[in-house]
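Chains here go by letter, A, B, C and D, matching the order in which they are written, and residues are numbered from 1 within each.
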Amino acid sequence: MALIIKNNKISDNIFLMTISGCKQYGKPGQFFMLRPIKGNISDPILARPISIFDVDKEKGNVTFLYQVVGKGTEILSSLKVDDEISVIGPLGNGFEIEDNDITLIGGGIGIAPLFYLAKEHRKMFPNRHRTIHLGFRDKAILEDEYKSICDNLVLNIGGYVTDDVDFDTNNTIYVCGPTPMMKAASTHAKKVNKDIYVSLENKMACGVGACLVCSCKTSDGTKKRVCKDGPVFHASEVFYE
Amino acid sequence: MSNINHLETDLMGIMLKNPVIAASGTFGFGSDYANIIDVSRLGGISGKGLTLNGSKGNDGQRVYETPSGILNSIGLENPGVRHFVEHEYEVMRRTGAAVIANLGGHIENDYLEGAKLLNKVDLDILELNISCPNVKNGGMSFGMIPETAAEITRKVKEVSRHKLLVKLSPNAYDIVSVAKACEDAGADGISLVNTFLGMAIDIDKKKAVFNNVYAGLSGPAIMPIALRMVHQVSKAVSIPVVGLGGISNYRDAIAFIMAGATAVQVGTMTFAVPETMINIIDGLEKYCIDNGLENISQIRGII
Amino acid sequence: MSNINHLETDLMGIMLKNPVIAASGTFGFGSDYANIIDVSRLGGISGKGLTLNGSKGNDGQRVYETPSGILNSIGLENPGVRHFVEHEYEVMRRTGAAVIANLGGHIENDYLEGAKLLNKVDLDILELNISCPNVKNGGMSFGMIPETAAEITRKVKEVSRHKLLVKLSPNAYDIVSVAKACEDAGADGISLVNTFLGMAIDIDKKKAVFNNVYAGLSGPAIMPIALRMVHQVSKAVSIPVVGLGGISNYRDAIAFIMAGATAVQVGTMTFAVPETMINIIDGLEKYCIDNGLENISQIRGII
Amino acid sequence: MALIIKNNKISDNIFLMTISGCKQYGKPGQFFMLRPIKGNISDPILARPISIFDVDKEKGNVTFLYQVVGKGTEILSSLKVDDEISVIGPLGNGFEIEDNDITLIGGGIGIAPLFYLAKEHRKMFPNRHRTIHLGFRDKAILEDEYKSICDNLVLNIGGYVTDDVDFDTNNTIYVCGPTPMMKAASTHAKKVNKDIYVSLENKMACGVGACLVCSCKTSDGTKKRVCKDGPVFHASEVFYE
């Protein structure tokens, strides 16, 4: 059980929730399964996989940026300060944080894990350069926050964020967003013989690798579990044919 | 407070430390939850459903939430019996829980070859999934009618050296007749229920949510039906019955035991609350103490 | 925004102002909810299930909540067909919704005498409840197998002057065969599903919650199964199908219509949220406008 | 929809909840169906029948005294100020308020409707005398509140509250409590050829008379609906054989 410290709407359907009481905080790219209701209630039944937006190790807090898309996240958004919440995690593999200049590409709610990634990268490799591309359909969120931890921020509203990116670079590239956006990024990268990191999203039930609900096809024809083998993959593993 | 006396359960001659078993398809081969809960406390684990040569499972969406339940269409994604024998069996054995292999198939030969391969390892129990579509019978599952259920049960029993637990489908025309036929065919026990055939429609996309159109419903939503079926079947057969279907807490588990179940399996609720089985075991232990029971079996079948 | 064009529905030749009908047993004879919602907006009302001579219903507890559902064991408490004809029919007619009388029985003669008495009033539809235990057949319900379902359908059709909607039980061994048999026997339409046979146990009292041990499960919990059955039956018969089973909102109603239903019935959720049917009617109307449909029937059976 | 104004625990498992926004307030002995969860959630599915404890017509508030006994009332108790709650009502027949001295007998949570009854009786017939007997298993609640609106309060902890009452009286007698207590009261009353009012409790689904879940047997062999024909009956109607 964790405790809600903060749960604020920051834009239409977008919320920032901070919780305390997680035994482990996790690393960038990992996620928690959050269950918005008590144990003896079963509608909706499953916990929701929500990726880590930020961690404050001093205060012992983990923050999530999430979008209300259905019944579960709607209830999540109705939770108030001091409410209890059931959490499982941190789960998944998380990002490899490389000693290199990096380019981050986020689309919509997919920007969430990139904040913690940029922050940790800056802490580990302060002299490296961080460029971030944020794409939104209608309006930007948290622009200042992302600007504060990156050296360069490029915003794209209503267009294709991947069009703004030069994939022919030595930078390490990390992408998180809607599947079509990640596929587009992978196609661009493949053309210049570059591999990139993508963080996949899929429906999940258990979140720990047991149920095989979130299996995805890989390029060699085998299946991988987004929750346990991922959610971070090389694009060459999951998007190249 | 020791579990040994109160919860120890004889299931078809196999001693379980308690009657709480992870249901097939919800617990991998036991290692995935090892970081989350103390897997060694479980009475048993029924592993991910196996097919002879393995399967990549179904394409498209695989889960859909319904009120108090989930529809799933995994399609038996699994690494195959040989891989299980060579790699997963040992992992399961090390958990300390009783090892149950769950075997399915689409033609008779796959069941029989699979069962023979599984003779190479010291399973505690072989659980036979007869809810799979039978290719030879127009896709109707082996478990729909007594004749096909009995035939596959008898033939697997002939080739297997393990205790045989036959897992029934609630979609059977008459589940009591199927249970009796399996008992007559040599089943050592019956587990029920597998998932209910259900459906979901994505009205925005104007198509079925699942590529296969229909999918399997599980979870607390269907518990009242599962409990009724366990009660009916327990009255009709003499072999042990393992009850499952939406069990969420120790009170649900007790209801199944009172309805006649020797042990219970827990599936869907583990996804929601991984501690569910541990809480059930603790709850059953406390129930025995509070009610002065020497063993949980004293309330078995009292309804 | 007028309902007339978008939602007007031809059900077996009866014109409903919309395809949303209050399910039998959940809406009395239409007057109980009159102070709570605008009953005149409903497409139809299926009245409390009638038996020839009425019944005081079951003793003991009559309802038990389950996850996303309820078990009920009312036992067809009703004032009898004659009382309906003399007192309740006029009340129902004044609601402005289509009047559907729901008739059950435990022996054939009760159905036939009941149906004849109902010829005295101008019902829009006679709904035949064939889920009642058949006294002559060891208590197995008329709707369990095609033979008994068809026989009672044919005989009632012979004596009744009304459009005949036969309401199927999901507990039937093979609901598709039962539906086809009823169609062949002269049913004008099929409604499904009635409640699922379920069970609850009071573990503290160590006995079944209901005096009859088993009871009927309804509510959103079973909607995925009901939707699958409506889909199967709609593909198998040519007469109109009325879908029900846990419908909570207009999206659920659309799912049933896409699965093949001409109209839907709403029951359990009315208890929880009395405005449910009104919200569904408004939602269907808006859906038609937003999707450029002239009539809701354009999406019927598209899955 | 109504709004929670107050929802406070006043004893083990006993809560006082005040809501605003009811279109009608109801009279003593009537009840509301309260649904603790939003329309699109269905576990638990039904609304809970809770009798009116008090009404403040000036403020437009209705107050309920309720006990947490299961999943539904547990969620009810977790609601916070400004939360919305779905209500149906007022429902049921309510008490006949007679121009007579009255004796009120309440047991456990069954004391709830007697507060509003005593208050309205005092308002209508200020010169009449009000005696109230409150019975509890372990400890009393709201003793001062009940004392403030009655002329005489008799408390019984752990015993049979009906043993304290003289049924051979011209007072009008109203009883609400556990069924065995109401049956005992009826037996006492019948011995002295007196009829009394009892307020029944039964499981309900619709609350409006449609579903027949709450049917109870009456003395003449017919059935009555607790929700619509009751919950207040003459003991002679429902408890005399």
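Here, a contact is a pair of C-beta atoms (placed from the backbone, for glycine too) under 8 Å apart; a residue touches a chain by one contact, two chains touch by 3 or more.
Since the structure is predicted, the reported quantities are computational estimates derived from the model, not experimental observations.
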Pair exhibiting more inter-chain C-beta contacts, A-B or B-D: A-B
Chain centre separation in whole Å, for subunit D relative to subunit A (CA means): 52
Inter-centroid spacing, subunit B versus subunit A (mean Cα positions, whole Å): 35
Centroid spacing, where centroids are CA-atom means, of subunit A and subunit C in whole angstrom: 47
For subunit A, residues that touch 2 or more chains besides their own: 40, 42-44, 71
Contacts with two or more other chains, residues of subunit C listed in rising order: 67-69, 219-221, 248
Contact graph of the chains (line, ring, star, complete, other): complete
Subunit C partner contacts - residues on subunit A that touch it in the complex: 42-43
Parts of subunit C lying in touch with subunit A, wherever the complex brings them together: 67-68, 220
Contact set on subunit D toward subunit C in their complex: 35, 39-40, 42-47, 71-72, 86, 88, 203-215, 221-223, 228
Touch list for subunit B against partner subunit A, complex: 25-28, 32-33, 35-36, 48, 56-57, 61-63, 65, 67-70, 72, 74, 77, 219-221, 248-249, 268-274
Subunit B residues touching subunit C - in the complex, by the definition given at the top: 66-69, 71, 173-174, 196-201, 203, 206-208, 213-214, 217, 219-225, 227-228, 231, 246, 248, 251, 254-255, 258-259, 299, 302-303
